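Which chain is which? They are A, B and C, in the order written, and residues in each are numbered from 1.
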Amino acid sequence: MRAKKLTAVAGGAFLAAMSGAQAQDSEITLCWAAWDPANALVELSKDFTASTGIGMNFEFVPWTNFADRFLNELNSGGKLCDLMIGDSQWIGGGATYGHYVQLNEFFDQEGISMDDFLPATVYAYSTWPKGTPNYYALPAMGDALGWVYRKDWFSRPELREAFKAEYGRDLGVPSNWQELKETATFFQGREIDGETRYGAAIYTERGSEGITMGVTAALYPWGFKYENAPGSYDMEGAVNSAASVEGLEFYKSLYDCCSPPGHSDAYMVANLDAYKSGQVAMQMNWFAFFPGIAKDEVVGGDVSGFFVNPGQNIEASTLGGQGISVVAYSDKKDLALEYLKWFAQPDVQAKWWALGGYSCHQSVLGDPGFAETAPFAADFLKAMSGVQDFWQEPIYAELLLAMQQRVHDYVVAGKGTAQEALDKLIEDWTISFEDDGKL
Amino acid sequence: MSASAQKPGQATPLGKFLAGSAVVLYALVAMIPLIWILATGFKSPPDSISYPPKVFFEPTLEGYVNLFTTRSRQTPEYIESLGPPKSWYEELVRKRNMVISGPSRFADRYWNSIVIGFGSTFLAVFLGTLAAYGFSRFRVPLKDDLLFFILSTRMMPPVAVAIPIFLMFRQLGLSDTAAGMILLYTAVNLSLSVWLLKGFVDEIPREYEEAAVVDGYSRLQAFWKVVLPQMRAGIAATAIFCLIFAWNEYAFALLLTSGTAQTAPPFIPIIIGEGGLDWPAVAAGTTLFLLPVVVFTVLLRNQLLRGITFGAVRK
Amino acid sequence: MPDEAQRARRALTVSNRIASKLRGLSDTAIAWIFIGPTILLLLAINIFPLLWTIYLSFTNYRANQPGRPVRWIGTRNYERLLGSEDIWGYLQATAHFVIWTMIFQIVIGFGLALLINRNFRGASFWTTIILIPMMLSPAVVGTFWTYIYQPQTGIFSYIVDFFAGTGALDMIGSVALAPWSIIIVDTWMWTPYIMLLCLAGLRSIPDYLYEAAEIDRANALQRFWYITLPRVLPFLMLAVLFRGIENFKMFDLVVELTSGGPGSTTELASINLKREAFEKWRTGYSSAFAIILFVTIFGLGNIYVKVLNKVKS
């Protein structure tokens, strides 16, 4: 008797599992990274459900697992996500391998014009091949890498005096990487309010894209280029140019001199933790987090200030941000498109910015009062005018992982020299492009 | 085990005391991480990242609330505009300038773990019982080879197995489905269940079946009415081992599921809070996830040896 | 296992005798009905995929590029693998991990078993407590250990510093310490396994052997060397076989702890395989890697079992 009951229970569980796979028809699922803006989007999307009756589900995965998890999902032809806010580098693969729906026809039909969005974001988040009017996403979230600093410490008289005595200039927002390092060195190991503080929290994460995003924030200002001529895949002398080597060496010296202890596998969240717990005077992080920092109950308000990624030989910032795409494998593409249509409206975009998302819409960014709406708004516009992105090739993941390994081996593990790391990187990338038939 | 396991020269009371103290010391040190998990679940996020680590702290349920909700950080004015909090947990969250925007995925993932765990355990034990009986009682050609083949399926690294399975599931539409995961875990658990259960069947004297046959039972009836009831304890132990394996499994779940059928192990590491890795929430999830296994381990302690060696060592 | 085979043979003669008395389905039919489903499932989910992997390992297939023509490229994947410096580095990291975890676990596990075998009061309660870590999910526990290992806020560094005055230890981030950080967690989790098997070995030793040794005036060291060790060795070796294979395949615990870092310091074979197969999507290449790993495990395992059988007899 008991065995029978057990069989029934287990069988029932099995059936429940099978049927559970089919979600309700009037609901769609949006996939994105788990971070502040995503939570703001949940809040924003309540309006969408209220006006259309279409329920919204969300799947959020932290950045360190984001690409890994959702590229796997796309490659397996899964139906989990109807909408995907995929990273800018995915657009090549999304278009080439057929993961994303091309949106041109839909845009024309609904009167959505890409001219209404910031050109840099349209180029980076929506087009493939790059710069052609073939759209696979709607710019959803503008982003670039910037810096946060402890404004309260920077304005303390005793610290300002000590800094001036040491470096002969005022303690303030650094205007280039050299000054950034000096400032970080100044704070490294310093006692403030009875606790030891450190210079700067920078990206060093190994697993996904962390250290590459951090290193490129230094490489781009030094003048690093991926190719000698765009589209040539000719990397010798560009990737490993003298300036590139110098930039990479500088990033390592910054890691060695001025990062907090144990900061060897840190990406966005670890930098936030280090910053919010008062360990560091500065952190590099995406603009996406700045609204949350400004609203934080500890480091919010006047405690924190923001600045654009410093220049060196040129002014440049690492691009972040994503477009929103309709997944080709979805059974509910019509509902997903409905969401895009709703999301592209200027008033929704305005509320998106107000809740903590970075709208790419001209009606928001072009508003004369925009720069005054937040302490980091003006910096955001400045950063977006000088953004550079990693390879957006369909095989970008492979290229990224090679860079992660070579750069982490050099910067964090201290293996070899910067020159060797970049030379090896060219070797890795050459093999990848050969396999892909580009070379 | 015999009570007279004392060896000459080892039985002095002082020797016993010293041995006992050393073992207890080891056990206590080994327990620190687990106690730390339990404690961190009841810390507030700031307490969890304080330096030096806090041993004494004011317990709070924030970690558990964060585990089951997603929250969004908003300005005090925005929060004000929402009206007073409707529950104690909303109040708790608002203290940190946050509003609850919905439930988290933890409960779904936990439920997936239960469904996939029990589903695969049932199938693995069902098929395993039949196969074990078959191997134990019948002349099967190439028996030893087949048994070894069943065992060798465990020698492949899971990541290696996952490559073709990924392609297969994609072709069959089984990616990210509970059915696919149940099938896969069943296959992986079969090696354990066949070997363990065969050991249990071997221990049941054949005379019982012979007697039943003399009484007019058919072979199948003898299996059903005589052998099966005697295997009950063995089946229960095997089932728990299969369940624990499926419950703890990570690599396949990581590589072959993404949401719909994702279990808790790949999910718990990626529980993050608003703006920081939320260790109290991770600890809360870890506690809820580990607790059943700790209970089962205590229940199973006398069968443990047999289970972890695939039945090769029996007490 | 020779006794296994003997028992099976004895069982078979008995079962044939009964079989003649049985009615209904023929024995062969019942046997195949009982065993068939298991074999079929294993063929579908283990053998077929294995064959497919072997085939893929000779191609340039990429699972993320559906439209790309699949070309047979002979042994090029294998050549590239065996000629790669990086792969040897990963295998060395794996060997370092396997060897040191085994050494620590054998020493501590055997020691604990000897102590527990003195049957002090409460021995079985404390044994159960000690066993708990090995039943837990390595990935989930590994995640939490990253918190325990935090140099500033973690208790590991704090406790070690308190007793040894080492200062803040960056267990996961430093190249020197990271390989040991994963060894420590694995040892914490799996020492109980070795302990449990050694305990079984100790309890299988009949008392009269020690009594005889007493008469021969053997000292404690001699007793250990000539009686205890030989009797426990087969159990210990079995434990090392199971754990050695598991650790050679190690993925979940280390992925969550260090994810292979810093640099490639703890990039174990399985972790790199996952990167190649599921992040870079070099399916053909990673299939070749998988086959190499499988052959290595299978080969080493077989040699080991031969030695084990020699020790047993």
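Following the convention adopted for this analysis, a residue touches a chain if its C-beta (ideal position, glycine included) is under 8 Å from a C-beta of that chain, and two chains touch if they have at least 3 such contacts.
As the structure is a computational prediction, the values presented were derived from the model and not from experiment.
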Between A-C and B-C, the pair with more C-beta contacts: B-C
Greatest separation from subunit A - chain, by CA centre: C
Rounded Å distance between subunit A and subunit B, as computed from the means of their C-alpha atoms: 35
Gap in Å, rounded to a whole number, between the CA centres of subunit C and subunit B: 18
Rounded Å distance between subunit A and subunit C, as computed from the means of their C-alpha atoms: 38
Residue numbers of subunit B (touch at least two other chains): 49, 166, 170, 255, 269
In subunit A, residues with contacts to at least two other chains: 72, 75
Numbers and ranges of subunit C residues touching at least 2 other chains: 63, 152, 278
Of all residues in subunit B, those that touch subunit C in their complex: 1-11, 15-17, 19-20, 22-24, 26-27, 30-34, 36-37, 40, 48-53, 127-128, 130-131, 133-140, 143-144, 146, 149-150, 152-168, 170, 183-184, 186-187, 190, 194, 202, 206, 209-210, 213-214, 218-220, 244, 247-251, 254-255, 264-266, 268-269, 279, 282-283, 286, 289-290, 293-294, 296-298, 301, 304-305, 308-309, 312-313, 315
Residues of subunit A touching subunit B in the complex: 3, 6-7, 9-11, 13-14, 16-18, 20-21, 23, 29, 31, 34, 36, 39-40, 42-43, 58-62, 64-65, 69-70, 72-73, 75-81, 269-270, 272-273, 276-277, 289, 292-293, 295-297, 300, 355-356
Complex interface listing, subunit B residues touching subunit A: 46, 49, 70-75, 96-97, 99, 101-102, 105, 112, 114-116, 118-119, 121-122, 166, 169-170, 175-179, 182, 228, 255-256, 258-261, 269-270, 272, 274-277
Subunit C to subunit B touching residues, read off their complex: 1, 5, 7-8, 11-12, 14-16, 18, 21-25, 27-28, 30-35, 37-39, 41-42, 44-46, 48-50, 52-53, 56, 63, 108, 112, 115-124, 126-141, 143-145, 147-148, 152-155, 158-159, 188, 193, 196-197, 200, 202-203, 207, 210-211, 213-214, 220, 223, 235, 238-239, 242, 245, 248-249, 251-252, 256, 269-270, 273-274, 277-278, 283, 286-287, 289-291, 293-294, 297-298, 301
Interfacial residue positions of subunit A with respect to subunit C in the complex: 67-68, 71-72, 75, 93, 97-98, 206-207, 260-265, 279, 394, 397-398, 401, 405, 408-410, 412-415, 435
